[in-house]
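Next, two complexes with chain A in common: one pairs it with chain B, the other with chain C.
Up next, the complex of A and B:
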């Protein structure tokens, strides 16, 4: 397949946007230090990606929830495929161009947009070509197929990690063996040896990272809630891009401290908190600013996301790095929805609704995500049983043509009226 | 003070004037390009019908697609909130409302206090809406009333796609031209069934709780209501003027607001 390079490098644009956000936050009185650290973290991530080849490092593109800790430990530069598509949507506005390029590749409009968008981004040369593609069947069928496509489009090598659906001892052992195979593949491909001491440090920090998110979740129970209306997007991104990295810990510790202070002072994140919301899945990236304004206007804040910010039980053991990485893959909040959706996961929705004093839930139904959309009715019924209404908003995380701001606003207004009327 | 509810819809604008005893008058006028003008015209007509002066003090709550653009509106409320209020005023026993309007359709659930608790709607496709019905009426070269009457003579329902208005039109044409042609009554019943099946999907999603009311302009069509009842397996309630329920609800909210304000 010929790669037609038409565009400029979008990573540079993402870096500039992050730097601008950092400066804006630094210049804004009362802005959170954690926001400054967050955008610095993003800037650093994409700067390393931009400079990787100049620095003589390999770039490993990888799909969602791939155990990127191993990549970091081997001094290979990771590139999260889905998040990079989000960032392009959020910061460069090139989403329509890359989706159009993916259509030229023959990718159907029903395919998950972050995946086909990324393929389009590679075709247009908007992002650097990876040397290695790493992907797995964690968590969905789009992810499972995406690696082959990107290898085809970019001509890179690749490794597929077969992630077992369930978590029996035998399956975990199989996964650990697969991780070992991946390390061998990366060693062979990069010429770098796995630094196990560094890997243990990363696992130790990852354990700390999960603990910090748990602390933050506890603080979000406060009324009014201290965390930003869509702040959970930052919590996701930190884990997706920088698991077990010092900058992730620095950001989370700063955030935790800010939230502790806000809770102590009884300060909420919006002027007048009226609706405490539970969120399922992802709102459109191109609407984040709009949704922030809606949150302030209506006093509506997402205080809980059972399958995005709630980690499963357990701790990671730095002395057993591969086993810990395997265990983490089953503790990931999203895995509890995308994986075997058992009674515990369903019960956690009910528990969270009570503990977080939820008034209503919003399901961001991304039309290209068959896995999540399949849970809409199930979650709605569970919440209905405890008298919590759920709004389903048809949308797409990357594609702006699926739902307009006007449509989304109408639905949200209607939903807030419903909540107010109860 | 005159209390008004105004529903600025895509095809028609409805205004309801409320008095102490209930509805004093209503109007249904064609919507123009400007929502403000449409609302003003509908309000004027409804006030005149009630024998009230246009210049008098009014308190209007608006709803509908163009309701936000009305400058004299004291408050804008969503159609579903207004439908819930309106239907509860007319039929307090109703718990499910099927709304079949000109350009959209939806299903609402109400609680025992007449408050909206859930809804499903579709506005991305003409299938199941009044515009679809008008299109079919033109295609069949029959008035809506003639279609309705004829549907009661159907022996069967012709198969008509329920997924796309454009494809449904092609299907209807092929029914007309096949040899022997599909009986017209069966074809009309099939058209209605295709519209109803669209709505039934939403009913299943939201869950049907009796009693059920059907509102919106399409509810004027007795033949279609007959199919709805066949699908549900029981009788539904249809207001005398099903197009004005949202405007009525908006009027009721206007009255509530004024009462709250007077209570301080």
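Up next, the complex of A and C:
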């Protein structure tokens, strides 16, 4: 399959947008320093990506929840595939071109848009060609199946990490062995040796990062909640793009300090907090601004996301980097959805609803996401048992044609009325 | 009743076939499996009847399935669940799944929560074929065996596993013999008729199935009946159990001579290689992980190579890729598979369908056009 190279134009646009956001935040009185750091972090991430080949570094594209700590430790530049598609949607609005290109490749419309969009982005050359493709079955069939086509389209080498379904000793051993194989593959492909000291430092920072998110989650229990209505998207992005990186720690520490001060002063993130919400999965990227305004208008704030920000128990051990990376993969919030959907998932919903004083839940039903949408009824029933209503919003994280702002607004308004009447 | 009609009768009455009800009436257990990566030998060696959980083999309303699994899960999962929620599988003593695809694992999750089948087990199924994956899968099969032993209060002995393996290998060998007949220039059996046999294979005790299929093969070998078509086609892709779908393709003048489906060749594909020097459980595990692969496995070339081999062995003119909507593994494979087949000079027709569809209307029109294209290209 041939590629029409366009030289990473979309990444350039993402960088410009991030720089603009940084300047806007810097110029806005009262804006949070953490927001400035967040957009600087994004800008730095995409700048390194754009310059990687000029700097003589390899680019490794990778799917969701891939242990990118190992990539950083080998001085290879990572490119998170799904997040890069989101960012293109958020900052450049280039959904139509890349989705059309993926259709020409032969990808069916039922495949989720981040993956279709990504394949399309490589075909059109909207993002830089990776030298290496890394992917795993965390967390769905789309991640498991996307790698080979991208290797074919871009002519890159690749490594598939097979993540076991459960967490028995044998499965953890299998995962650690797989991580070891991946290190060997990267060493062979890049000519770099793994820097284990650097890897230990990254694990140490990753452990700190998780602790900071836990602290932030604790602060979000306050009434009114101090964290911005859709701030959880930032927490996600930090882990997806910069796990164990100094800029991630800097951002999270600044955010934590701001939230501590806000809680101390009794300041909420919206003028008048009326509804404390639990969020399931991702709202459409192109609606983030709109949803922020809705949150302020109705005083509705997401204060908890059981499968996105609510990390599992455990600490990482820098002296055992591969084992720690394997352990982290079992601690990530989404992992409760990956293995058998049992009491781990159900209990976390019930537990979070109580701890965060949840009034209602919103399930962002992305039409291309099978493994999440299949849980809608189950989660709705679980919440109903504890008298928490749940709204399902049909949408798509990348494709703006699936749901309009008007439709979403109508649904949210009706839901907030229902909550008000209770 | 001729041999084929006996299979049709089983399929007509499934899930509650007379064979299953007879088995239950003797106080014996029946366990349903959700995917071809669940080793039937373990269930059989425990003295229970393994049957495959399948949805409606025809178009059906799936209201409850849709409500519980949402519309973006494949219609196969929703159809299975619909039958389960309607109580059609209430005779099951257990359900066994694997971590094979999103549809199957969520079907397992929802089944466990909303349908009162007493025993549940899910196996981790690696996506690779290497030795490490083999060790892990073998360990998973061992855990499944122990779980079943504990639940049923029985010992599943090596001797019982050996006997069950021989029985299932016999089924596989007989199905292979049936498929050998399809390699003929003018086979004695159509694709739609073959699907009736395949469907019955996992809906009844193998002891009876083997006798019946042996009778059918004898009948076909002695028969002078033959079939021919405008083109010899192979169907590849997602789960398919509706013989009417295959029939509608053959009604356009094609002859379906082979297939690559988890309800056909990927079900009976390879035999367990028993070796006196190796534990029988290891041999069973090896067979299931290395069998004709599903699109979930990596690398995909393992699947593609086998498909290409089949196109040669069965003298295939064209391939129909049938993808059930939202069956993501097969949808992802399609661009690369089409390219590979194109390189081999085999045209592909991609059909996006709902599970259970009969293949009439638009599909028939597309098949007709495909056949015309094959004829025009001299195939």
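Operating definition for what follows: the second predicted complex is superposed on the first by the 418 of 422 C-alpha atoms of A that agree within 3 Å, B and C clash if a C-alpha of one lies under 4 Å from a C-alpha of the other, contacts with A are read in each partner's own complex, and residues count from 1 in each chain.
Here is the rule we use: a residue touches a chain if its C-beta (ideal position, glycine included) is under 8 Å from a C-beta of that chain, and two chains touch if they have at least 3 such contacts.
Just so you know, these numbers come straight off a predicted model, no measurement behind them.
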Greater residue coverage of chain A in the superposed arrangement, chain B or chain C: C
First (chain B), second (chain C), both or neither touched by A:149: second
Chain B versus chain C as contact partner of A:384, first or second or both or neither: first
Which superposed partner A:413 touches (first chain B, second chain C, both, neither): first
Which of chain B and chain C A:326 touches, first, second, both or neither: neither
Touched partner set for A:422, first chain B, second chain C, both or neither: first
First (chain B), second (chain C), both or neither touched by A:287: neither
Partner chain(s) touched by A:108 [first = chain B, second = chain C, both, neither]: second
Touching both chain C and chain B, counted on chain A across the two superposed complexes: 377
Chain C - residues contacting chain A, complex: 67-70, 72-74, 77, 99, 101-103, 105-106, 108-110, 113, 122, 124-128, 132-133, 135-136, 139, 143, 295-296, 298-300, 323, 325-329, 331-336, 338-339, 350, 352
Chain A-facing residues of chain B, complex: 77-81, 115-119, 205
Contact set on chain A toward chain B in their complex: 377, 384, 389, 410, 413-414, 417-418, 421-422
Interface residues, chain A side, partner chain C - complex: 1, 105-108, 110-111, 137, 140-142, 144-146, 148-149, 152, 160, 162, 164-166, 168, 170-171, 174, 177-178, 340-341, 365, 367-371, 373-378
